[in-house]
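Next come two complexes built around subunit A: one with subunit B, the other with subunit C.
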Partner chain A sequence: MPYMKGEPMNDNKEMKSDAALEVSRRDFLGTIAGALSAVALVIVADDAVYIASGAEPGAPLPAGGYDPDKHSYVYVIDITKCIGCGSCVRACKAENNVPDLFFRTWIERYMVSRSGEVSVDSPKGGYDGFDPSITGDEITKAFFVPKMCNHCSHSPCVQLCPVGASYRSPDGVVLVDEKRCIGCGYCVQACPYGSRFLNPETKVASKCTWCYHRITKGMRPACVEMCPRGVRKFGDAKALHDEVSEIIATKQVHVLKPELLTEPNLHYLGLSMEVR
Partner chain B sequence: MDHTKHLWRVVLILVLAGAGAIIGRHFLIPKSFGEQGFYRYDSLGDYMTQPVRHGGDAACAACHKDRADAKAGGKHATVSCESCHAPMASHATTEAKTADMPKNRDMTLCLWCHQKLRARPETMPQIEISEHLAALDPEDAKKADVCFNCHDVHNPSMK
Partner chain C sequence: MLQESLNFVFPNDFHIMWSLMIVIYPYVTGIVAGAFIVSSLYHVFGRDELKPVGRLSMVASLAFLLIATTPLLLHLGHPERALNIVITPHFTSAMAAFGMIYTCYLTLLTLEIWLVYRKDIIMVAARSRGIKRVIFSVLSLGVYDISEESLRIDHRAIIVLASLGIPAACILHGYVGFMFGSVKANAWWSTPLMPIIFLFSAVTSGIAMIIILYQSLMRLSGQKIIGECVQSLSRWLWLFTIMTVTLEMLEIISLAYKKGEEWLVIGPLLGTKLAFPFIAVQVVFGSLIPIVLLAIVVLMKPFLTNPLRNTIAFVASLILLIQVFAMRWNVVIGGQIFSKSMRGFRDPYVPELFGREGALAAIAIFITPFVLLAIFNKFLPMYETSDEPSGGESA
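Let's turn to the complex of A and B:
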């Protein structure tokens, strides 16, 4: 070791006079430095072997050969068809173990009067359906709007996560690493669509995953699967002849809060200006 | 070179700091962090291994072909089995039945979709329950199967 080669320690009289110490300070520090360097070298070598072994980025994912780089998911909700039955809300709860009174997807009922007054309700997210009695002025238009995470291409929730727990996967799904999340709740406040919450059971942020465990197996998200009216459509922009990409390309679709430049990948057909 | 030992001290401190940084980084940063971006790539795998609970209509039809066929021919063709019953996983695993098929026989099940609501598209068949069951005794109207007495739920034309 280079630092052992210096002058003998004849200049360190204090050290020599200390009978209790059998090792000199220099030797002691040198040993520590040597040991630490050795451990560091082992780690560097270990990492080098890991990289050299062809463990390409993304290689260690489970499930038969799913490659996130070959997909780019998109979602369309056709408001004109939605009957507000709540099947999607119930399906999401069951599929993802969402705690009571928290929602990864929910349905809002908009009722607009001629004077422009807008009333919105979403009792238990639409889980138990909606109250048929109508209050207020004469309603001139009314409709249901299913809401969920917009899986934005430029999402504020990902940008501000201080620990890298919020991220957007290569296939375009905004996810939370529940093992890494510290539960600070910044992302819950940052989401302009109210799509996130702190799960009272796990104490970390939780949100719609587009049923990542399903879509990576070639299945559709539970909400899409359970929708009886074909309101919700899930597609892959990188797939050939994709129905949903075709709708986005050819129909008059809209996104929520486009002025925020978050570039949602959830598109709406038949969206009305009252929807926020 | 009287000052050599000072240089060695600096070298020692740098070596210690460098080794400490490498070791600390190794234990504090998860293995797949940063592979694809500022996140732990293995987190995708955590999500992918989550259990699937809704099996889809094809899974139901494997055992209940009669019901699936009845449904496919009627107006409930687009209604998923599990949206009225329950997620398949609670009732059956790959081969075996683990519990009875959950059945909601209450009118609330039908009214989730067919209660007349102002916000519902007019193309959807809807009823006002007081008018629809006007001929029935109010107590009878509350009983289970009140809808199924007249309608076959899997193919909901009049029986």
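Let's turn to the complex of A and C:
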């Protein structure tokens, strides 16, 4: 599926590095590129099936069915497993009609060299996966970090919205009331994670909803559904024997920018200190 | 130590979203608050030397207040829903208070101006005929009593309103600073100093605007510029400029000294993308030069002629208006240049020329208050035409 016309949206300079430097990174990313192309085949076939079976955004809720008070959603991303294939980004774009240039979820690639140099990129938000990247340095660790709205319990975006269009539902999902939003963009400024954007078509704030139209019907978010490696896990802390809450309760998980005390409900396994 | 190459922005962070309009907005409200403070120096604090600008500063404050919402409306994605801020305000948001603060201040200011001009309005109504007479009779609200006693009551009411107006003006503008200062996601904005810096620079821009307006008004209407008045304004301006610049510099120095995570990106930002608007325009040209010029006006008074001092004060005021604009630009635009990834800068922002949030719209907004002032002055002069005390104005 062609992603978009026009230029690459993320001007990450290391993607344009010197041809002379194009050697040492190959080993590391060769593995990933291999895995990627293998997975890509599966995904292309999968995408079609998935989209055909998925719930449409805005589809009505089951009659008398959904009670937000009975849920408390949580999400875990296992960084150690992510291969940067971008399936989740494509699934999200397709499922939620995300406008060109913007992302409800995206993947960042981190490469840390022995000398401590950190380089990060996210070409097209990782929509097309990642090409092998070449740096002149010896890379000692590299990993992918999927990002999205953290559905913070103390979300600055909700706090700062002047009209209450951004709100936190009792089930823990942070949502935007598109009919009430005045498009001031204050919440976009307020989100420390770059999760929000003003939709250029509707002129209102937009962001990840954990596929609210799906989860309220008992389905999982599209990104979770489509991840071939089980990196993304979606759970409900109010459900019995919930795997995801169990991980959060028992494993060494981490959140992004914990110093801001936004209390994200998105947790990471294997997060490294370079990630912001 | 982690080393950074500043080339990664979050994918959603590629453009600068708050535009020139959001620069204009605090700039205009700053002038509103600053001009009002000048009028209060006369009405409340009895600085009699400021009597010649007592009315002008009040009316100027109103003229700028009347257009203060325009840049916001032009910026909103859904301006037709703007009233939601008043109908369904969300009180944990600083922005939600805007409607109320604005309305309170507008009411207060209009009432005060009416009281100050009440006698003039009645006189104009009595002197004129036809439509003008009708309009001015309506403006007098049917109260024609201009006895000593009633003017004395007016006078007392004016002092009360002007006193209430001081905190109102401070809140009006302090809240604008708070709007930025309370965004903890943005290291360049998020400092408790922000509202204070905004307030001080607001007063600076207000006094500077009054010095310019006063001298222009006097020239245009062939009146004499009263040196004492300009001298006093210059002294206040000097004081407020020094305090503003000190606060602005303290903020940068403490960021640079603490060298927190934010300095990784703010340091390079000041050295590259903001080198011109911040270091060259705001600090060197906009702050140092006026401080020196005003020092000359204030400290070398016995050696300089009145017209020369007036001219120097005029020039210093013009530069300070540019300084304050640069400060707003550097806060609003500068604060958006670096991505929240703290690892890179967004695409540069150049305002479009035409278009809703473009430079022409901004210029039109900025010119409007001057047009409003000219119209107002045609009917109700903003300077004292004779010695007769009007509207219980003398403090």
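In this text, the second predicted complex is superposed on the first by the 210 of 276 C-alpha atoms of A that agree within 3 Å, B and C clash if a C-alpha of one lies under 4 Å from a C-alpha of the other, contacts with A are read in each partner's own complex, and residues count from 1 in each chain.
The working rule: a contact is a pair of C-beta atoms (placed from the backbone, for glycine too) under 8 Å apart; a residue touches a chain by one contact, two chains touch by 3 or more.
Since the structure is predicted, the reported quantities are computational estimates derived from the model, not experimental observations.
Visitor: Touch check for A:180: first (subunit B), second (subunit C), both, or neither?
Guide: both
Visitor: If we overlay the two complexes on their shared chain A, which of subunit B and subunit C does A:84 touch? Say first, second, both or neither.
Guide: first
Visitor: Check whether subunit B or subunit C contacts more residues of subunit A in the superposed model.
Guide: For subunit A, the partner with the higher number of touched residues is B.
Visitor: Contact-wise, after the overlay, does A:190 reach subunit B, subunit C, both or neither (first, second, both, neither)?
Guide: Touch status of A:190: second partner only.
Visitor: Which partner does A:125 contact after superposing on A: first (subunit B), second (subunit C), both, neither?
Guide: A:125 contacts subunit C only, not subunit B.
Visitor: Once the shared chain is lined up, is A:65 touching subunit B (first), subunit C (second), both, or neither of them?
Guide: neither
Visitor: In the overlaid three-chain picture, which partner chain does A:218 touch, first (subunit B) or second (subunit C), both, or neither?
Guide: In the superposed model, A:218 contacts neither subunit B nor subunit C.
Visitor: Considering only the touch criterion stated at the top, classify A:164 as touching first (subunit B), second (subunit C), both, or neither.
Guide: both
Visitor: Which residues form the common part of the subunit A surface touched by subunit B and by subunit C?
Guide: Residues 11, 164-165, 180 of subunit A touch both subunit B and subunit C.
Visitor: Which positions of subunit A touch subunit B when the two form their complex?
Guide: 2-3, 6-7, 11, 29-30, 32-33, 36-37, 39-40, 43-44, 47, 50, 57-58, 60-63, 66, 68, 80-87, 90-91, 94-96, 109-111, 129-130, 132, 134, 139, 142-144, 164-170, 175, 177-180, 209, 212-214, 216-217, 219, 222, 225-230
Visitor: Taking the touch rule as given, give the residues of subunit B at its contact with subunit A in the complex, in rising order.
Guide: Listed in rising order, the residues of subunit B that touch subunit A are 4-5, 8, 11-12, 15-16, 18-20, 22-23, 26, 30-33, 35-54, 56, 76, 78-80, 82-83, 86-87, 108, 111-113, 115-121, 124, 128.
Visitor: Going by the contact rule set out above, which residues of subunit A touch subunit C in the complex?
Guide: Residues 9-14, 101-103, 106, 108, 115-122, 124-125, 147, 156, 158-165, 180-186, 188-198, 203-204, 260, 274, 276 of subunit A touch subunit C in their complex.
Visitor: For the complex, which residues does subunit C have touching subunit A?
Guide: 1-5, 7-14, 17-18, 72, 75-79, 81-82, 84-85, 88-90, 92-96, 98, 179, 182-186, 336, 339-343, 347
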